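Two complexes, one shared chain (subunit A), two partners (subunit B, subunit C).
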Partner chain A sequence: MNSNSAGSVVERRKVVLERLRRLGEEIYEQLDKGIFPSIEMPSRSIENIYYDTKLRQYVLGDKRVRRSVRNIRHLRSFTQLIWAALFSYELTSQRKTSTLRDVYYSAQAYEMSFKDQQESNNIITDLETVLGFSREDFNIFPEERSAVFGDLTIRYTVPGYEGKTLNLTSHPDGVMIGPALTSAEFVETSADKVIAIEKGGLFTRFIEENVHKRFNAILVLTAGQAPRATRHFIRRLNRELKLPVYIFTDGDPWGMHIAMVIISGSANAAHLRDLTTPDAKWSGVWATDIVNYKLPTDPLDEIDIKRLYELQRDPRYQNDPLWQREINTFLKIRRKAEQEAFSRYGLTYIVDEYLPAKLEQTK
Partner chain B sequence: MSEATFEEISASDFFYRNRDIAGFSNPSRAIFAAIRELVENSLDAAESIMVPPDIYVRLSFEKNVSKETQIYRLRVEDNGTGIPPRHIPLAFGQVLYGSKYKLKQQRGTFGLGGKMAILYGQITAHEPATIISSTGSTHIFMFKIMIDIQRNRPIIMDRKVLLNKSGWRGTIVEFALEGDYFRAMPKIIEYFKQTAIVNPYANLTFVDPRGRLYRFTRATTVMPEPPKETLPHPYGVDVELLQRLIQITPHENMLDFLRNHFHRVGRKTAEKFLEFSGIDASKNPKKLSHEEVVRLAQKLKEFKEFIPPDASCLSPLGEELLRTGILKELKPEFVAVHQRKPATYSGHPFIVEAAIAYGGEIPAKGQFLLYRFANRIPLLYDEASDVATKVINSMNWRRYKVTPDMPIAIVVHICSTKVPYKTVGKEFIADRPEVRREIANALREVARQLQRFLSKKEHVNREKKRMGVFSRYLPKIAQFSTKLAGKEKPPDIEKLLRSVSRLELE
Partner chain C sequence: MNSNSAGSVVERRKVVLERLRRLGEEIYEQLDKGIFPSIEMPSRSIENIYYDTKLRQYVLGDKRVRRSVRNIRHLRSFTQLIWAALFSYELTSQRKTSTLRDVYYSAQAYEMSFKDQQESNNIITDLETVLGFSREDFNIFPEERSAVFGDLTIRYTVPGYEGKTLNLTSHPDGVMIGPALTSAEFVETSADKVIAIEKGGLFTRFIEENVHKRFNAILVLTAGQAPRATRHFIRRLNRELKLPVYIFTDGDPWGMHIAMVIISGSANAAHLRDLTTPDAKWSGVWATDIVNYKLPTDPLDEIDIKRLYELQRDPRYQNDPLWQREINTFLKIRRKAEQEAFSRYGLTYIVDEYLPAKLEQTK
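Our next item is the complex of A and B:
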């Protein structure tokens, strides 16, 4: 599951399909024997979510829940789960993709209507938990899309494009990290690092300023909180291509946490692996940068401060003294700054001065 | 100082002046009361000879009097005993003249009802009433009468004798009266419907002024056991009644007097009582002084050893007939009926019957529907003052898992030789502790039965729903898993479905 060498995408698909088929088989056999089928899976309740300091991500504990058809209250969600498994199987085997919204609507064709989007999302999360794979692995993607730009050649595995290759510098706006890119194999790259950027404006500036060439980097736009497919993609860049990852966000608690989720994942995804990049670095904008670079700032407001206190206690923020130092600095200066704040020193200052300094500092 | 003038007024004059208390208070009440009194006389007349009643009532429009009131003509026909011709004028022309003063359960008691209707007609429409009747003999008699209000005597305006070729037996009463049918209409229709509930062996037909026909058809020809006439029970006797008995008695000593004029008093009891009261057994009752009569009445009430009255003088509907009537008119999903054992209040025997009906065509009104009956008469007014209402309000219905928003009708029927009415208008039952206790016990019993029914129904519903959920989802699970596993034929889920329905029987 976690060894992702070249050709991993095709391998992974095979495993997912096999797991889905086996799930169907288990239920089929129980039914045929006249037993009420049941499925066991790790519990996702908060009491069962732990922070694993070794994996540096949230994981689920030993508590398990059993969904049994004998229990009338489980019957509907059990049926929905099997339907979702079948739907995912068909998607994956036919190499089609769909969104969570599609799932919600598709159920209606099987007279399996979901009450609302939330109910259908929950069932997909159940399926993830049962299989130990994330929904992107069985071709269900969220709506949000982020982008990538840089000298990386990929080979598509999606039908119609199978075998075709593409260099990710081909389009000056970057290439969307959608299902086709997510399922593509990596062929080659000249880059020696990955720079993830929170905001679209800065991503575009970096491309214009040839950051990819000057710093030998693959640029990834997270577009705010990085979608799971993007987190998985960054992990693959890190694992398969052995590229170090640097993350640039706004200088506030929210930006800091965008970096953290890329590095250590979220509690919501405690049932999943392969979404984190524990070695990635948060390179800025730090609270101390605000001070050192004398950046124009805004005052922290109440929710910012509340959030900082939350993060201060969060286990993910205990690993590296950097985090506590920056949280404390934020709390001390009570100011925040956006990435654009560097424009005060001229449009290229961030690329010419700040970026190289920070890359060096967080190496 | 002027001399006081004393004026004797006749019974009819008295009731004419006080027609409110008899229920003839306004044009809408009056038309309802008139119909009701005549229908009740007809029901009594048929029942007294154990004939399933066939009653036809027609109300037709005559003319307008004012915006609200009109003159109507009321005609009521029955297949009852008929009235011997010599009694007809007095039965319909003299207030407090009746055949029902004896002690047995009947609808009529005061010797007043029919006359009040005719009297009201006479003073509002100024026309004589027509009575046609035959006892099934060779002749039919027709009288046109008016009432001399001051003298409380009938005035015969016309009299005809017809040959009774078809052997008809029954009575027809017809007269004009002022009224407001459209205001009275809901109560009148309700009256017929409820009369049909409590007389399920009767055919009732009503043609209203618009020409609409309402028919309530009998669901059975079985009639309740007729009541037996009975002597007054010592506990229910007052000075007035004692004096009347002393006047008519042929017996010349107290022992025989007591043995022969009182209910359930034999030689032994009479002797014990005389000893208890210190009255000489050989004393001639006609020789008792007024003080002695008063003392006798008091002692009769004090003596503990009289055997309680039996109920043979009562004619309750019975659980089966009550159920029949309720099923026929209310069309519920479920009905529980219960008849209490006879009880007494102040020497008067009475029996309470109660029923609770649920669902079907009974509407959910946010409160229980209450149907009150006394001696097989529906009571339609003053529900809030009735003892049954008080009992219902004080009962803890939650104990029976029953709430007022359920579609529930409660039926309470009390029969007695002397129904404890609060008024002459026979509208509601007074709150007597003995009566209250019997109603409460009867209602508790039917409420328990309803509770049992409801919990069974809930169980069945739950299981049906359960079964529905399983038979909805199990096939889908089978279908999806078959496809997912890449199998050809779906698994056999019949066994599982059967085991679900087996759970249900446990």
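Our next item is the complex of A and C:
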């Protein structure tokens, strides 16, 4: 299958640079008119965050805030925001990437001061809100890395690799999902689905058992909670290549929530739209799987139970009766199970029996 | 440069299988002779662990223990050990990999019971001790994954990829260090050194700034404490390709110890020989770098200080006056600094100025 994404990644970078340039021009225009420069953006305060049942993610409401240099209390954060825009423009146009930690220290090279990491992180989130793009789009990447393996040919857009292609089955341990992969174009795939997996050991087992061939799947390792770049990558596989996404995690509230964050995102990304995959399915390990497959279990800890009650009230878990049924089953059986628990039936049972049954069940 | 390693990885697997087979034969021979089977191995108790200043790692002393089925208290662990040998033989001969977690659950498929994960982990360590090979050699791998990037061509030995080659510059985010990479043969490299880096963000920066070309280096991401498979891989780069190894970590006791574990290993691997790189250098961030480069710092926490006093007494830190000087400097300045702190002089300062200076200084 051929994707029609060619050019879209490069287009996207142009749009981001254009928005950043426009932001600077607006400040200059205000100065030219002799008025105090100000920036308006949607409010990210808790009372302005809503769960949108149609988009199936958190969004910001209509409340807006204005930051103006006329207000002496805004002067500091306004200046920091403009610096962050300048720094992001430099990164993106020079095609260099950075991390939140790096931004914090880099500020000192410009004699711009942040009192701590939290303050600089907040300013980057402000910039995301103003631009409507996530920080990865202006080249600020997470520290964490996850991985991918499967029959997908990509074409790089990063300096030194422009136009080069790689098939993602080239290295049977998987390749890292970093800035180069995230900004690559999708050229061609024979896959008809994506399987996301929480743990490295199982990711390797799936590759060794040829899950990519037997199930025509692209395998994504989330390595615990999926980093934002990985969530964006999964969304692109779903949107651009029209591939359904199945998520396999441990059978406990934390695994369940790893799946939910890939599907519906988090409240603190309510200002962004490109990090969710609402049609992705949590395919297991369900609480009901623990019962049906008679898996070896551990008892739920107090903190697991507390978390289940939180998730029960979470609007993201209200959409689909599946989630409530599984939460209730966890609370009833008071047990949890890891993905590796299937090895009690032999190392390949999870691939030979469980995986096909669950793919069918959650189709 | 061509490596002479061809065949060595395949040879190694043959030796491991031969040792496992021999272990089984010894049990049968004892049974045939009508005597209670027993297995002898070096003791791993604390009083039998010594630091060997010549090997520059912990080793086991002469004390040995015998586990015999004549002793009813040994019956359980003896049986578990024989099962672990059987399971490892199956894994290695079928070319499948597993994790410690998987071993624990797999036992149930054989009606072999372990009371908890710790008990099965201990039995795997017993098997390492008996065989003199680390568990990765009989295909039990860590859950964690790190990554590598640089001009090294490898030839795979894993099923489905036998004979295929990959150059490790193929993917500019880096490729994962898993079972396939660990068991690959080294074919060719133009690199003349290895640079190991603690953090993902800096690993990406080094790639973007062409450190691999400018400094002829293979770049290894340790992602915090290097997983055992990564430590073994670094050792192979050093031994088989004769490449010097330079390690860059955060400037704090934890970063210092990441370097030390790559160099001299840990006390609980005293029964193994293939996980250390005694000639590797810790190149920074030193406490004296914090002073000399006037880096932005954070104060040492109480737990950092406690750790420094522990390291001061640790025999691994007695070898080289560098370590004691740096520990003393940390204790004097009571500050620590992250690798990213160099960004205060601009994003590329660490590559343009710091890296070449430190490579020269620790040559």
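Criterion: the second predicted complex is superposed on the first by the 357 of 363 C-alpha atoms of A that agree within 3 Å, B and C clash if a C-alpha of one lies under 4 Å from a C-alpha of the other, contacts with A are read in each partner's own complex, and residues count from 1 in each chain.
One rule holds for everything that comes next: a contact is a pair of C-beta atoms (placed from the backbone, for glycine too) under 8 Å apart; a residue touches a chain by one contact, two chains touch by 3 or more.
Owing to the predicted nature of the structure, the values given are computational and were not obtained by experimental measurement.
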item	value
Which superposed partner A:25 touches (first subunit B, second subunit C, both, neither)	first
When both partners are placed on the shared chain, which of subunit B and subunit C touches more of subunit A	C
First, second, both or neither for A:340, with subunit B first and subunit C second	second
Touching partner for A:176 - first (subunit B), second (subunit C), both, neither	second
Contacts of A:67 with subunit B and subunit C, given as first, second, both or neither	neither
Subunit B versus subunit C as contact partner of A:307, first or second or both or neither	neither
Partner chain(s) touched by A:232 [first = subunit B, second = subunit C, both, neither]	neither
Residue ranges of subunit C touching subunit A (in the complex, touch as defined)	95-99, 101-102, 104-106, 108-109, 141, 143-145, 147, 156, 158-161, 166, 170-181, 199-201, 204-205, 208, 210, 221, 223, 296, 338, 340-347
In the complex with subunit B, residue positions of subunit A that touch it	20-21, 23-25, 27-29, 31-32, 34-37, 69, 72, 75-76, 78-79, 82-83, 85-86, 89, 110-112
Touch list for subunit B against partner subunit A, complex	466, 469-470, 473-474, 476-478, 480-487, 491-493, 495-496, 499
